[in-house]
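Chains here go by letter, A, B and C, matching the order in which they are written, and residues are numbered from 1 within each.
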Amino acid sequence: MRRTNIQLDKNNNLRHFLSVEGLNRQILTDILDTAESFSSIGSQQVKKVPLLRGKTIANLFFEASTRTRTTFELAAKRLSADVLNISISTSATVKGESLLDMLRNLESMHCDMFVVRHGESGAAHFIATHVAPHVSVINAGDGCHAHPTQAMLDMFTIRQHKGGFADLRVAIVGDIKHSRVARSQIHALTTLGVTEVRVIAPKTLVPREVQSLGVHVFHDMEQGLRDVDVVIMLRLQNERMKGAYLPSAHEYYQLYGLTTEKLGYAKPDAIVMHPGPINRGVEIDSLVADGPQSVILDQVTNGIAVRMAVMSMTLGRSATQGSVKREATKAGPKAGKEAQ
Amino acid sequence: MRRTNIQLDKNNNLRHFLSVEGLNRQILTDILDTAESFSSIGSQQVKKVPLLRGKTIANLFFEASTRTRTTFELAAKRLSADVLNISISTSATVKGESLLDMLRNLESMHCDMFVVRHGESGAAHFIATHVAPHVSVINAGDGCHAHPTQAMLDMFTIRQHKGGFADLRVAIVGDIKHSRVARSQIHALTTLGVTEVRVIAPKTLVPREVQSLGVHVFHDMEQGLRDVDVVIMLRLQNERMKGAYLPSAHEYYQLYGLTTEKLGYAKPDAIVMHPGPINRGVEIDSLVADGPQSVILDQVTNGIAVRMAVMSMTLGRSATQGSVKREATKAGPKAGKEAQ
Amino acid sequence: MRRTNIQLDKNNNLRHFLSVEGLNRQILTDILDTAESFSSIGSQQVKKVPLLRGKTIANLFFEASTRTRTTFELAAKRLSADVLNISISTSATVKGESLLDMLRNLESMHCDMFVVRHGESGAAHFIATHVAPHVSVINAGDGCHAHPTQAMLDMFTIRQHKGGFADLRVAIVGDIKHSRVARSQIHALTTLGVTEVRVIAPKTLVPREVQSLGVHVFHDMEQGLRDVDVVIMLRLQNERMKGAYLPSAHEYYQLYGLTTEKLGYAKPDAIVMHPGPINRGVEIDSLVADGPQSVILDQVTNGIAVRMAVMSMTLGRSATQGSVKREATKAGPKAGKEAQ
């Protein structure tokens, strides 16, 4: 309940973006629509709009991730914000006083946004409950809990290729248990109203509570992929698996690795997604990853637009969110003109 | 004498900012006034003025300090300068040829300013004596010698809360001996004309020459804090104390840690300052640090404005310094307009 | 043949800049002329032109080099591009799938240019053969193969001081065998039509194939420097010499270190160049490095202009290259005006 409300301000506009859970279909659709207005910017001559000019965005990465940091940095720069990259040693525990003092300091320097990546579940939420009223927090991945911008770029990509969410069957394949991405995806797909969400994984990698989320569990690819419109592969992250959940990479690939043959069980026009970076020959075969049904690189492209959307919506709260969207559309060409 | 002059150009405008020592009351007041004109920028919609657009500022950090680097980087970006962060391994000795060659190279790339942090006292001064005429040097902390922007943001905060410097009694508490901050503060307070500067510390942490600076030395908090308007706590930096100057952290806290009780010795409206990051329960109690008399976070906020002032004054020397101040005031709203 | 063509698009405009080899005199002269139009920007009030505003340039450094990265970062910022610094651990092998996946990802984020530094010869070329049509690649040094922007800034500096290339005798002194710089310089000097290129080095440091490049080989400084107009010293890089090519640093200095006495063998108005950073007392004496014939710091200054030229030419291909040059000249003062 509290988790639901903390993400919205009193006008029900997005203030923080911590998890898909707790946001309704209208807000999620707003994010997708705003992202759509930004998606043309990437192919313009001048890939920049002045929407967040003079705003200061601090990337607080308690867990190293060049890849994720890069996408947020690019999104911020294309919105003309100033970016501070702050790497924090993992010794600074999330609930220690020193973290709060650091937040107070950055707020006093008039930072407007913290993009938070942390190894502990709940870290971004903890930070959001402690920031000053003028600061927004974006969760860039916290432990096994959530990675909501990843989930939203996946939703954007699905809508782009399938036109909408109704009548879709979506299968998420892999290590559901340790995946913050899967958790966020399930919430997003359910909220946006797909017909069916399936997870396909060995028993050891399915969390007990998953069925309460309205998900159908399969342990076999042939059954799980039948009649599916969207196949979302997860990355096999050995480092996140403490203990022996898996027999061997080779056996995993035999059973769950997405090959052309297994993809044949899905609908002929099913799309294949993966949050990246892909492990070729581990969870996905190169023929599939690079094949005609793969939309993996579209996901990367859409990731910038979705992050721009979330950043501009949370920081543009003083204006109405509809106007942020209009400005984005307007600002693109104008910015292009400015540079000539 | 030489040290006095090197900071000023032939028109007595600020060229480098190396130490408070050697600058007269007029210059210090100019810095505070210029900073005041920048202090509203932090709360504007667009926290940016184009004063140093197209200038190149190199952060030369021979000693790591994310915190200090961040404040200088923010100040530079809010002045629209381009910032280069250059971390230099400590193996490059300050007076070696390789350092001078590096300076020559950066000058040849048309860098306009070096912000220098170095573990050795005198490093920034050494660099300033060797740079090309078009380059300004800002001392961001050199050994135990000086940290002048920290001292000036403290002065700014005192003036903000007390209206001026006359009739003030200021006590600096802690490791005076190893503190570059204390040294700079004493010079600034004396130059700006406070009634009395006191230092309060155990005998082992008071440098012998301190009384020649016109300072009263106390070894007891009750006596030292009596009738004081401003209490400046210093950070206890174990890493800077080679040898056994202290009995134990616990005993230190008993004698010199600022608690509500000890703060009661000072005037009822005394303000409490600390350069940060604070060691809660070591030199200061959380009740005081977060209490109504604490202005510690104001110091952080003011640090950006003071650094913007010093950067724009040293780089804006071609214009008169008064006009830099006027431009700052003017530029704020204008910049805001530009972004709409 | 393929190597020649990959650098040019179908209109014979520069698309990538991988090596001087394979580019004709017209293109090299275009680079120098474009750089000349940028060379005044460094001394302007506002050192910035909006030519690449909204472009995204990724520095992909597989081999650490603060110095080279800094010059490319500065050049990009002065062209108003957004810069991403991406350090890549050397474990990512150049021809592995993971590298290609990384490139695909950065392309999908709409990066426009990769500046590539790599320890393996051919790495930049390999990357250029695999990028998307909208991406340009600049070689910032690959193994022992090439360092073409360094060679072009050397050519710029020679033309600046000697007016042109005809009738010039140029000697390159030092470790020719392991120097990517020397290889690029020889190609550039030959293409631009100097009278004679000489290399001076101990036998162990001359590669066997060098004479096929039309170069005269000397093992003695007195003979090699006679009547020379330009002396290019190379840095002695111990780390690049696997095995015992050298007797001792002391003996090397005796035989090949450039002293005032040895410089006396060259023409009285000969200029002395060095790619930096110089090893004083190893390959060059301080009296020479800092003397009146040294143009070493001019090289550093020109490096920014040459990199701006190459970046704007490769990214400005949609416009004619002549117009990039005109815009550069025009944009300078305009940008200056903007900031007032």
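Everything that follows uses one rule, which is that a contact is a pair of C-beta atoms (placed from the backbone, for glycine too) under 8 Å apart; a residue touches a chain by one contact, two chains touch by 3 or more.
Because the structure is predicted, anything quoted here is derived from the model rather than measured.
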item	value
Same or different residue numbers at the chain A/chain C copy interface, by half rule	different
Superposing rotation of chain A relative to chain B, computed on C-alpha atoms, to nearest 5°	120
Chain centre separation (chain A, chain C; CA means) in Å	41
Set of chain C residues in contact with two or more other chains	none
Residue ranges of chain B touching chain A (in the complex, touch as defined)	42-48, 66-67, 70-71, 73-74, 77-78, 276-278, 280, 286, 297-298, 300-301, 303-304, 335-336, 338-339
Complex interface listing, chain A residues touching chain B	50, 53-56, 80, 82, 84, 86-87, 97-98, 101-102, 104-105, 107-110
